[in-house]
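Two complexes follow with subunit A in common, the first pairing it with subunit B and the second with subunit C.
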Partner chain A sequence: MDIIIDILSDLHPEVDFEKCNSLIDDKILDSFDIVSLVADLTDEFDIAIPVEEIIPKNFNSAAAINEMVKRLEDE
Partner chain B sequence: MLFTTSNFIIFVILLSIIYYIIPKKMQWQLLLIASYMFYAFAGIQFIVYILITTITTYFATINISKLQTKYNKYIKENKAIVTREERRAIKETSKKKQRQWMVLCMVFNFGILAVLKYSNFAIENFNKILGLFNSETSFKGLGFILPLGISFYTFQTMGYLIDVYRGKYDYEKNIFKLALFVSFFPQLIQGPISRFDDLKDSLFSKHNFNWDNINFGFQRILWGYFKKVVIADRLLIAVNNIIQNPDIYQGVYVIIGMFFYAIELFADFSGGIDIAIGIAEVLGIHLEENFIRPYFSKSITEYWRRWHITLGTWFKDYMFFPISVSKPMLKLSKTCRKNFNDAIGKRIPVYVATIIVWLTTGIWHGAAWNFVVWGLGNCIVILISQECIPLYQKFHHRFDVKNKFYFRLFQVVRTFWLMSFLRTFDCYRDVGTTFKMYGSIFTVYNINEIFNGGLMQLGLTIKDYILLFVSVWIVLLVSLLQRKEGIRIKIAAKPIMISYMIFFILFLGIIVFGAYGVGFDQSQFIYSQF
Partner chain C sequence: MQKNILEYLENSVTLYPDKVAYTDEITKLNFKDVYMRARSIASFISTDLYKEPIVVFMGKSPETITAFYGVVYSGNYYVPIDEEMPHHRIELIFESLKPKAVICNKEKADVLKDFSYNGKVILYEDIINEPIDDEKLNDIRRKQIDIDPIYIVFTSGSTGTPKGVVACHRSVIDYIEALSDVLDINEKTVFGNQTPLYVDACLKELIPTLKYAATTYLIPKELFMFPLQLVDYLNKNKINTICWVVSALTMISSFGTLEKEIPKYLELIAFGSEVFPIKQFNLWRNALPNAKFINLYGPTEATGMSTYYKVDREFELDEMIPIGKAFNNTEILLLNDENKLAELGEEGEICIRGTSLTLGYYNDFVRTNEVFVQNPLNDKFPELIYKTGDIGRYNEYGDLMFVSRKDNQIKHMGHRIELGEIESAANMVPGIKTAACVFNDKKKKIVLYYVGECTLVDVSLFLKTKLPRFMIPNKIKCLENMPLTSNGKIDRVQLKQQLL
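Coming up: the complex of A and B.
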C-alpha cells in the first residue's frame, strides 16, 4: 500500500491519497495519469494490468488500486 | 427521413401512440420494426449493411462467449489440480482464440466502413501521387454512397463486441434485441453512441404510459427543434455565404464565420441530440447525455470531456487505453526510461496513443485532409496544455486568481475562441484555403464593412440578427441555469399554467421563427453526414 501511495504522490503531491476515495469521480486522476500509474504499477509489482481492469472502480482510491494489484498478483 | 420533416414528426407521434396501446412485451419488437422502417426511408438498399454488422457481431460474440464459458467451466472443475502457471497458460490460449474472433469481426466491420467512407479519398490521393511522377494513369472513384449513420452504429456495435470480449457483460442471446440495439432509430443518425449495459434495461423492458416521460420528452424535443431550426438553420445561411466565397469574404468575415459556425454547430448537433434523447424519453428509454455545456469549458481537455461525450469516451476506452497500456507500448516506455530519462519514458505511451486517437477522430469526422489537420490541431493543443501544467501551477502559486470570476471568464472565452478557430478546418473546401483565410485576418483590414451593411450581405436580415441574438441569449441563460439544477425540474415546480405557457411560447417560436420558406433550406444535421 505504501508503494502505491508513493507512486500516486509523485503524480499529485497535493492530494491526500490515504483518505481520498473519488480519484476518478472527482477527476483528480486523468487519462494521462492512469497511463503513467499503470506503467509504474506494472514495473513495481511485476504484473500485467489488462485494459479491462482500467475502470473507475479499480482506480478511485489507493485501497482500490491495492486490491486490484493483489488480485492480479494472485492470478 | 430528416428529423425536421413533417413525415418524421407524424412517424414519431404514430409510433408513440401504438407503443402504448400494444401489449407491453411487444414494445421493443415494435421499436425494431420502426427503426428498420426509418432506416429504409434513407434507402432500402442500405439495410443490408446494418444487417451484416448485426449478424457478424452476433456470431462473433456467440463464439467469444462459448470460449469464455468453456474456460470458466474447466477451471471450476479442475480447480484443485491445475497449477497457477497452467491456469495462466489455459487462460492465455482461450483469450487468444477469443481475440481472433473479435479481431476478425472488427476488421470486417471497420473494413466496410473504411471502403464505403474512405475509398474515394484514398484513390484521390493515390492519383495525386501518381500525378507527381507524371504518370498518365489515374483510377476512378468507386462512387459508394455512405449508408445513414454507419459511423455511429459501427462504433456502437464494435464497442459492444469489445465489451463482450473483455467480459464486461454476457452477449445478447436474442439477435433481434441486438438488432434493435444497433438500429434504435433516434440515435442512429448522429448518436449518442450508447453502451449496451447502459441501454439494454430501458430498451427491452416494458413501459407503462407515464405522463412525466411524455411531458419531459416533449419539452426536450421542442428545445432541440428550437436550437436546430431557429438558430442553426438560420446561421447556416451566413456561414455558407462566407465559406463558399473565400475570395469575397476575408478578414473580419473569417472571424465572424468562425464564431457563427461554432454556434451553428453546437445548436445543430446538441439540438439533434436533444430531439433523439427526447423521443427516447417519450418511449420511456434513457439515452446518455452527449453534451454538458461544452462552451463553458475552461480548457480544451475539459471541452472534450463535455462535447460529444459518448464519442470521446468510446475513443478513450477502446483506443487510447488499449494502445497506451499495451505490452509493446509499456516495453517501449521502459526502454526510453532506461536510455533517456523518466520524463521521456512516461510521455511515450501517452503521446503515441493521443496522436493515433486524434488522427482517427479527425478521419472519423470525414474523409478529407481538413479533418486530419483538425484532429492533429486538437492533439497538438492538448499535448501543449499537458506540458504547460507545471507553468500553470507556478502561475497559480504566484497569483491567486484561480477562483476569481474574471479569470474563469477569460479561460472560458479563450477555450471558446480556440475551439472555434480549430473548427474552421471543417468549413472551407481545403486546408490551403483555411490557412489562406486565417492569414487574411491579419492582412485584410475590413472591420469597417461590418458597420457599413456588410453583415446584411450574408443572406440574413436585421430581423434575423435580432432573432439570433435573442435566441442565443435564451440558450445561454438556460445553460447558466442548468449549472445548478435541471431547468425542466424548475419549470415542473411552477404552476401548471406557467409551465404550459412556456412550452406553448417555445412551440410558437419554432413555428413562427424557424428558418423556413424562401431562401432557407431544410438542412440535414451536420453530424449525420459523418
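Coming up: the complex of A and C.
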C-alpha cells in the first residue's frame, strides 16, 4: 500500500491519497496519470494489468488500486 | 467567391436542415438549430459590438460551437477559454484582450465572478431565442471581407505570457479546403472529436462538418482515461473518422485494447502533434488494415495543419513517420543557417508560405514580427513567411521529416508547451531561488528541478494556480544546488542526464 501511495504522491504531491476516494470522480487523475500509473504499477509489482481492469472503480482510491494489484498478483 | 466560413453553414442548412451537426450524446443540434441559434446570438451581440474580441466561456458542448458562430455572424471574433486553464492564465488573457463582453452559460457565470473582469456578461441561455434581425446580419455580411478575424486562440509563450494567434476567414477557408481533400471528407463522415474547443485543433472537425453537412461527436474528456469505454463509445456511435493526438491513440493500443475490441467503423485515422512510436502504430494498422492513416503537421500560426503524409508502406521500429508534403496552396521552405533552401538531406528550419498564414499575435507586434517575416528568398516585393522554429529535412523519398526544435518548446500529450513558461511560473513560487525544467523524451514526462526553501507540496499547489493542467510537471525534484555550465547558465544537459 505504501508503494502505491508513493507512486501517487509523485504525480500529485499535494493530494492526501490515504483519505481521498474520489480520484476519478473529482478529476484528480487525468489520462496522463492513468498511463503513467499503470506503467509504474506494472514495473513495481511485476504484474500485467489487462485493459478490462482499467475502469473508473479500480482507480478511485489508493485502496481500490491496492485491491486490484493484490488480485492481479494472486493470478 | 466564398469570403466567409458561415457560407458553409448556410449551404448545409438548406440541404440538410434536420441532420445532426454537433452532439455530445446529451444535446443534439441539427444544422437548423446551429443556424438559428447562431443568428439569434449574433442579433443580440451586434446591437452594440462590432470588430471586438468576445470571450466564450462555456465548456465542451454543442452549444459552445453555436456561440462561436454567433460571434462570427455578428462581425466580431471569438476567444474560447476554459476552466481547464488556470486562474492566472485566464487573467493574463483578459489583460491582453480587454474584452468588452463574455458569453457564458449559467454554470460558468458563477466561476467568472472570481476574475477581475468587470465588463459585460452575456448569458447564453438568455440570447438563444432572441428575434433574428436578418436585415442587420445581412448588412454586416456585406461589410465584412475575408481577411477579417474569426477567432483568437492562445498558445504557450516562453516568457510566461501566452500568445493570442488571430485567424481570419481566408486562412481558415484555405486550410479547410486543403485538409478536407486530403482526409476525403463527405456527408457520410462521422467525426469523433478529441481535442478541446479552446485550441485550433478542433477546427479539423468543426468546419468540415459545416462544409459537408457531416456529423461531429464531442467525446467526453473522461473517456480518454478508460480505453475500453472509449472504443465502446466509438462503436456505439459508428464513428468513422478521427483526428487525434498521438497520445490518445497510444493510450488505446498500449493497454492491449485492440486485442479485445476494435473500433471497427473507423475508416480514417489522422494523427499528429507528436511522434507516433512505430510499435504502437503497427498495433493500430494491424487491427484496422483497411483504414487510412495520415500524419498531419502544422503550427497554430498557419491556422492548423500545413503538411500531410498518407502512410503507404511498412516502417521499421526505429523509423519515424514523415510529415510529408505541403497541403495544396501551401509551400514549405526549408531554410538553412544561411537563409538558403536546404539541400536534400540537409537540415533547415521549416518555414511556411501561403494564404493559410494567420494574421499574427494579438496586441503583440514585437513577437509577431519575430516570426512572421519577409521571405528571405524574395527581395523584390513584400511576401510573408512564418518561421516555425521546427527543424526538418527531406528523406530519400522527398518527404519532409521532423527533426527537432530550435528552442525549448516541447510537445506533450498533444499540447505545445514552452518549458520557459513553466520555469517562469516556478520562479514565482515563494521560496524558490531557481528552477529549471527538462523533458524526459523517453518517458514523456516534464520534470521540474528547483532550489529553494519550499516543499514539493507548496510548489505543486502553486503551479496548479498558474499553469494549465497539461503543463504541470509530472515530476518535481528539489536540489541542493543547480548544476551550472562554465559560463554560469543552468546546465540543462546535465539535468537531462540525471533523468537516466
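Heads up, the rule we're going with is that the second predicted complex is superposed on the first by the 75 of 75 C-alpha atoms of A that agree within 3 Å, B and C clash if a C-alpha of one lies under 4 Å from a C-alpha of the other, contacts with A are read in each partner's own complex, and residues count from 1 in each chain.
As a working rule, a contact is a pair of C-beta atoms (placed from the backbone, for glycine too) under 8 Å apart; a residue touches a chain by one contact, two chains touch by 3 or more.
As the structure is a computational prediction, the values presented were derived from the model and not from experiment.
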Item to complete: Considering only touches as defined above, state whether A:H12 meets subunit B (first), subunit C (second), both or neither.
Response: second
Item to complete: Identify which of subunit B and subunit C touches the larger number of residues of subunit A.
Response: C
Practice prompt. Examine A:I34 and indicate which partner it touches, taking first as subunit B and second as subunit C; both and neither are also allowed.
Written response: both
Worksheet item: Is A:E75 contacted by the first partner subunit B, the second partner subunit C, both or neither?
Response: first
Practice prompt. Check whether A:P56 is in contact with subunit B, with subunit C, with both or with neither, and answer first, second, both or neither.
Written response: second
Discussion item. I'd like to know which partner A:I24 touches here: subunit B for first, subunit C for second, both or neither.
Written reply: second
Worksheet item: Is A:T42 in contact with subunit B, with subunit C, with both, or with neither (first, second, both, neither)?
Response: first
Item to complete: Starting from the residues of subunit A touching subunit B, keep only those that also touch subunit C in the other complex, and list them.
Response: 27, 30-32, 34-36, 38, 49, 51-52, 54
Worksheet entry | Complex interface listing, subunit B residues touching subunit A | 84, 87-88, 166-168, 301, 305, 316, 320-322, 324-327, 330, 333-334, 345-346, 349-350, 353, 386
Worksheet item: Inside the complex, what are the residues of subunit C that reach subunit A?
Response: 221-222, 224-229, 247-248, 251, 254-257, 260, 413, 445, 455-457, 459-461, 464, 469-470, 474-476
Item to complete: Flag every residue of subunit A that touches subunit B in the complex, lowest number first.
Response: 27, 30-32, 34-36, 38-39, 42-43, 48-49, 51-52, 54, 75
Fill in: Contacting residues of subunit A [partner subunit C, same complex]
10-14, 24, 27, 29-32, 34-36, 38, 49-52, 54-56, 59
